[in-house]
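Note that the chains are named A, B, C and D in the order they appear, and that numbering of residues resets to 1 at the start of each chain.
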Amino acid sequence: MVDPTWLATAPALAFGAAALVLLLADSVDPDTTNATVLGGIAVAGSLVSLAAAVYLLYGGVGIPTGQGGTGPAVILGGQLVVDQMALFFMTITASVTALVTLASVDYVREHAYQAEFYSLVLLSATGMSLLSAANSLATAFVAFELVSLPSYALVAFLKKNRGSVEAGLKYFLVGAVSSAVFAYGISLVYAATGVLRFDAVAMAIESGTVRTVVDGSVQAQASGASVPMSILGMGIIMIIGGLAFKMAAVPFQFWAPEAYEGAPAPISAFLSSASKAAGFVLAFRAFAVAFPIDALAGSGAVDWFVVFQVLAIATMFIGNFAAATQETVKRMLAYSSIGHAGYVLIGLAALSATGDGMAFSMSAGMAHLMVYGFMNTGAFLFIALAEYWGVGRRFEDYNGLGKQAPVACAAMTVFLFSLAGLPIGGGFFSKFYLFQATLNVSAWSLAAALVINSALSLFYYSRVVKAMWIEEPTGERTIESYPTGLYTAIVAAAVITVLLIPGFGYITDVAFRAVELL
Amino acid sequence: MAAFTYAPAIVLLPFVSFLVALFLGDRMPKGGALAGIAATGLSLALSIWVTLDVAGFVGSSTSYNEFIYTWVAGVDAVSLRFGLLFDPLSALMLLIVTLIAFLVHIFSLGYMNDEGETGLPRYYAGLGLFTASMLGFVVANNLLMAFIFFELVGLCSFLLIGFWFREDGPPSAAKKAFLVTRFGDYFFLIGVVGIIATFGTGLFAPITEGGEVVAHSFPGLAEDAVVDGATENIAMLETVGMGAKQWFTVLGLLVLGGVIGKSAQFPLHTWLPDAMEGPTPVSALIHAATMVAAGVYLVARMYGFYAISPTALAVIALVGGFTALFAATMGLVKQELKQVLAYSTISQYGYMMLALGSGGYVAAVFHLTTHAVFKALLFLGAGSVIIAMHHNENMWDMGGLKDRMPVTYYTFLSGSLALAGIVPFAGFWSKDEVLYEALIHGLGSKGGLGPVYLLAYTMGLVSVFVTAFYTFRMVYLTFHGKPRTDIARDPHGVGWNVKGPLSVLGVLAATIGLINMAPVAKVTGLHIDFLHKWLNGPEEGGWPATLDTGLHHYEELLHDVAGVSAGEPLGAIGTLLASAVLSLALAIAGVLVARSLYGGAEPVEHTDKLGGVKTILMHNYYQDEYQVWLATGLTHPVARAMDKFDQGVVDGVVNGVSSVSLSGGRRMRRIQSGVVSNYATLLTLGLVLLLVAFGLAGGWF
Amino acid sequence: MAVPAQYYLLLSAAIFCIGLFGVLTRSNALIFLMSVELMLNAANINFVAFSLQHGNLTGQVFALFGMAIAAAEVAIGIGIILVLYRNFSDVDVTKATTMRW
Amino acid sequence: MLVETLLLVTLLGAGIVMLAPDRMAGKLAAGISAVPVALTTYMYYVFLTDFDGAGNALLSPGEVAFGTRIPWLDLGGYTVQYYVGLDGVSMPLLALTTILTTLAIVSAWTPIDERQSQFYGLMLLMEVSLIGVFTALDFFLWFVFWEGVLIPMYFLIGVWGGPRRKYAAIKFFVYTNVASLVMFAGLFAMVFGTDVTTLSLPAMATAFRTATDLPVIAGYSLATISFVLMFIGFAVKVPVFPLHTWLPDAHVEAPTPVSVMLAGVLLKMGTYALLRFNFTMLEATARQLAVPLAIVGVVSVIYGAMLALAQRDLKRIVAYSSISSMGYVILGLVAFTPLGMGGATFQMVAHGLISGLLFMTVGVIYNTTHTRMVGDMSGLADRMPWTVGIFVAAAFGYMGLPLMAGFAAEFFIFQGAFNAATLGASAPVLTSLAMFGIVIVAGYLLWAMQRTLFGGFGLETDYEVGRAAFHDVAPLAVLLLLVIVLGVAPDLSLDMIQHAVGPLTGGGA
């Protein structure tokens, strides 16, 4: 047990503290543009968070004491629970944030409001970390908004750039509708069960009667009213809708292509990797804990894994097929990010009505998110690098880039092929782990969708590779500087992506255990 | 035993000469010829030694049948091994091959070296490799090894036909030769595989150790199965659902495919005339005396297998008889010296097949021997003429060469008389025996076999006349009359290296028939049918008992199993004499007709009198045309159509999937209209759809 | 006598749908924003009503959170609408369509 | 540790070569790749002498040669190991890989004249994957290498290829990748249908072979479905009609050394995997499906050969004929006889050598003439005698000239299949049909040779067409020698192969 218990949220606290330090620095010297210091604070905060998350993860927090761990840290009367699952996702968040902030040092060097930029990133990251630990629909909603609100601003950060503003607007509007749907869904669940804490909701569903929480313990509600399954089901579907927004999954994916395309590239990386992961961790925890499928299946509420199957397939197809015919690289990556949301949704879709296979599929989804955190971030950071150099947006503009920037392009190749599921990075394993998960429960439609989309994705990812290495440069292009921060971030992401092949075992071990312990 | 111990050297020596000529020929005098001459000479000597051994003059054993190399040991499977089989048949063949090869090597000095050809190392390497392969084939003790060397001689044939690769004709002819024989070999290969699968062995003769059989031969097993019904060691019968006899017939006919291809029998004879594009010594060695004989030799080698199948025998006899006549008629109208000889070769191999098919084992081997000698002689003679004529082969440009090149003329004449079958030259004796055997078995055999034999006999008989005619048409046009061109008036001289081999062969052509004067033997009662005895072996024990390859055994099989028996309506001697007189008369008639038509000082063409027949004959009955059509008119368009299908349909589906996906992608991105209100609408719609669908499923309403 | 729970549900659903209707039909960014607020408040109605129904305070607490967050959301939204106006000289959400497909 | 050394040396070598200057990359790569050759030669020697009678790596795992086994990771309760080792099937293929890579690298010295260090680095990288494919005994490890081959191949075709290289590269890439996914689906359907929890190939083999009460889906046993999916997946790599269309494009566009690797080794991955997975793990199903599979093989043989007949591009001819040759392998495998399966595996090696040789020879000619079209040139024998000589030898090897490896392999297959119990009464018929391939192959190769090599010299160039450099011809000579050695003494490989497939065939012809 971590003592005091609240210290278990150290990864989130580190983010929050760093954000406050940045705001402080900004108020002390509002005109400072010392990118190195500001960025340094942000990177340091992220690294502290990462260190804390990894330390706690391997310190056995969340593992029952009987198994050599220290048990989960239950905070605020069970509103937050720091366990292996939470720490796993805090690690993802912290890693991505570290990479993004590191890369941003060069990217926003010339911009005003740098301190705000970093603090917004860190605040959003704080939200993500908290979301990982949220154990109640209430804290989930608050953390959810804490993730969203700064990110709206970040997307529209380039105030003079019409693309950025338009992206921010669309992101915001869709986000606002989604959070309203989410909130309404939560209210329906509350209406049906009387509780918001995940374990309490689960008890209500299992017992079929409304519950209430008194002094942190779940009790039967005095009236003994039964849970209206129709309202519960409607609530669950609306919650799925709200989550789908965060995941950038169908039918709430519409913001994603524009937001990722218009946003500053490091922010696209941040949103498409970390924010997506945050959406998934909530989904994993909520659906694994609060809405036990074995109790829900056939109860008249909703067999949510079927919903996720539909969404997974639709998301895969829309993301990948649209990505296949894009003209610009960044938008292609944006769509591919939707496609990957579809892959990860398999984690919630590939199970049987009795819940069999959930540990398998969910850990596969988690592993994929972890790998994705590096490879996708890396890919978007490469876009940031290209934007930094003033290389155009289209595929053709990348022609022959491999000759001028071989290291970065090699890293990009690693990212892309790893995204495509080739054994040059951990994406290979995570994709096949997901594939295995579909086969494990004989979800043939999911497996088939994965096969088709995977093939298509190989096609469009290799378009970039082809442009970089195979095509001859078309126009004049001079690259004057090689920004250290961006390069470091990209290379680090690439190295980790590659190392995740031999090291994939660590991830799956942790992920599998984390799901089992929920 | 000593000779047999060194026997592998017979094969290896020419192989070494191949390597020497190939890699060192450039740096050697005569382009590697000497290595070849030395190797074949030594092989000849060794062959003679082996023959003496087989004959029992030296050594302790008269036969040899051992494995010498394990190609594949086989784990839980058949072993595939190489071994040597020496018995009178292979010894005889060894002698023929090494002798002709030796003479041809010498002749090549005159034909190739003295004519200043380039690429001599390649030439001698080819000859060396051919000789090695051919000898390997001859000594093979099992079918697989025979097939292997059978193919290798095909390769050498290809290489040597295409020796003058810079011209258009030879490479094309080489291709055709290989392809047509390959078509036959396809069936042969099925046969080999089938026989090994059926019997578990490809041995021609059983291997014994201390009197005990340690490895059975497939003819022996087949005989047991057919005669005694011992099918327990025979596989495949259930698989193919046939009785032993039918299945063996099928296998025999399959092997016959290779024979027909290699020995240029109808309908796979078309390659041989084209093969004359090769250098003439090559034609003499490969396409007259040895390689073409491989097919016939193979049938003789596994005669025990054919002797139990009357159907196979009938097919062999018919193919032989028909080819003999068919090819001979085509030879009638040819204008080029080597073309006449080529068709003559096809025709003569037809005789051998006829003999084998009609139970004349000795006759076939006899004719094989004499033919090897006189046809090699004729080709070398033709080569000499060609040297003299500066490589002009058209007989109508020759004439009167007999006075200018007497050695060539007299040896050529000796060969021609042999070919035409004029007593006492070699061809008379052997051809007469072929026809005699066919006749008596035709008269005596029961069932369908008799008429078939008689039909084949008739065709063989007619072609005696045709053969004599075209042979002497060739002789008259080439050597007699007045020179018709300037070159013919002043031909190029030839050296000792041409005349020497010619002389040797010329003498042999006149005399080799003496080894088996069966009619004389029968009439006089003298035991001078040496070849008969050679192939029959001792009556008791000896190699026939060990190897089961003796004549006596074959005759028993033919009589008891296949139902081949002799009928002699005019009594033994009467029938014999009638047959001999008849064929001799026809031969002489042929010679006389040729003389009357072409014997003058200035002969003219008479072929026009044949009218439409001439066209058909000149076009070789359109055999080439239809075969070329099969290749280029049928197969190639089909291949092109398949290519279109592949590109259009099979690959089209692949590309179609890709374009369908991409156009689907293009449609899908249209959802993203850019207007945020539309997004709101769509996501609402999506949500409502989910709610309605799962609401209905969950029964909320 | 307390009002039956389903009436609250109907009310909140109605408000939610009104908000949604506004979202779907109005292209003015501000009205869009207001409509979203309506939807959020629909949720709050549920929370408060069922808090009473279930006899615990969880719902009311959530409603408070909801209001605070809605306010924050409006703040961000107004900011974005401001820069939207600066860049596109309009607050029509359907005009900003430089990125599509 | 030898296998690890092999992998590491090659991997490090790839890195070194990538960083080396272009000018010396080729020689450096050749030198580095000689190390694996030496190592595998030593291993081969040890295998031949010390491991006599070694069994199948999957069925008798105790007898694996050079084995190493280290736990690696755990995928949802399924154990994945680093597990490598060799048996009689993989040893010859490993030797083939290393030898062919070195020769291909040497043969690249002339044609590859830009970005050399990248080229040779990728070649070595590909070698790593190929070594891995033939040595890995754990599914995921194997699969990493299996897919890993695609990446260098994509670049090798895409960067250094011909005019339509981009199309060919992406087609190869996507096509074979889809195939892998299908295969994966088939395999894991079976994994989940049984109670195996270790993904090592021996463990899977044991579990699959002993599996009982498999679920029945749509009337077919899970084993059947799994078999078909895996077969489709591997058939693309082989390739088998109608899944072959990536091959001609890839071959035609790839630079010659890459074609050599593609035809020589990459195609064998498919048949090797078929043997390892379909025919070992699902032996019972394979036996049941033997007749349809044999038909597939026979159709490939004839179809590939007929298409080769219609081509004008020398490389395309060889490419289509590869389809034909690999069809024989299928036929041999389904026979389940020592000679059939042994011959099929032997054919992998033999065809690897011969097709590599033929491609290399075409490459040498192309280096000189800059055309591969039959009809654009004639009479090359006049100018490049040794190259043409080797071409002729290679072509005859391809046609199945006895005492060269190709004949041995094809003969074994025919012999093994002719009375195969699995094929029943159709065995002789199907085998005979397949044999007709040897006639067609002679047809197109002889035709191509006649048109290009023989006749009067004719080629429009503005330079003198001369003999090829020594380092161009030397690899050809080495390969030819190997082809002949294996043809004369097939037991150098066949014996160990037959020992390895012995547990599958259980005796018989």
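Quick notes on this structure:
Note that in this section a residue touches a chain if its C-beta (ideal position, glycine included) is under 8 Å from a C-beta of that chain, and two chains touch if they have at least 3 such contacts.
A quick note: this is a predicted structure, and the numbers were derived from the prediction, not measured.
The chain occupying the central position, as judged from C-alpha centroids, is D. Annotation: A-C is the more contact-rich of the chain pairs A-D and A-C, by number of C-beta pairs in contact. Chain C and chain D, compared by their mean Cα positions, are separated by 64 Å.
One simple way to say how far apart two chains are is to compare their mean CA positions; for chain A and chain D this gives 42 Å. One simple way to say how far apart two chains are is to compare their mean CA positions; for chain A and chain C this gives 25 Å. Centroids of chain B and chain D (each the mean of its C-alpha atoms) stand 37 Å apart. Annotation for chain C: residues touching 2 or more other chains are 20, 23, 93, 96-101. In chain D, the residues that touch at least two other chains are 174. In chain A, the positions touching at least two other chains are 169-170, 173, 177, 181, 257-258, 322, 459.
The full set of touching chain pairs reads A-B, A-C, A-D, B-C, B-D. By the touch rule above, chain A contacts chain C in their complex via residues 137-138, 141-142, 145, 149, 152-153, 156, 159-163, 165-170, 172-173, 176-177, 179-181, 183-184, 186-188, 190-191, 194-196, 210, 212-213, 221-223, 231, 257-258, 261-262, 322, 331.
Contacts from chain D toward chain A in the complex involve residues 72-78, 80, 140, 143-145, 147-148, 150-151, 154-155, 158-159, 165-166, 169-170, 173-174, 177-178, 181-182, 184-185, 188-189, 191-192.
If you check the complex, the residues on chain B that touch chain C are 669-670, 672-677, 680-681, 684.
Against chain D, the residues of chain A that register as touching in their complex are 359-360, 363-364, 417, 420, 422-424, 428-429, 432-433, 435-437, 439-440, 442, 447, 450-451, 454-455, 458-459, 462, 465-466, 469-470, 501-502, 504-506, 508-509, 512.
Residues 20, 23-25, 27, 93-94, 96-101 of chain C touch chain B in their complex.
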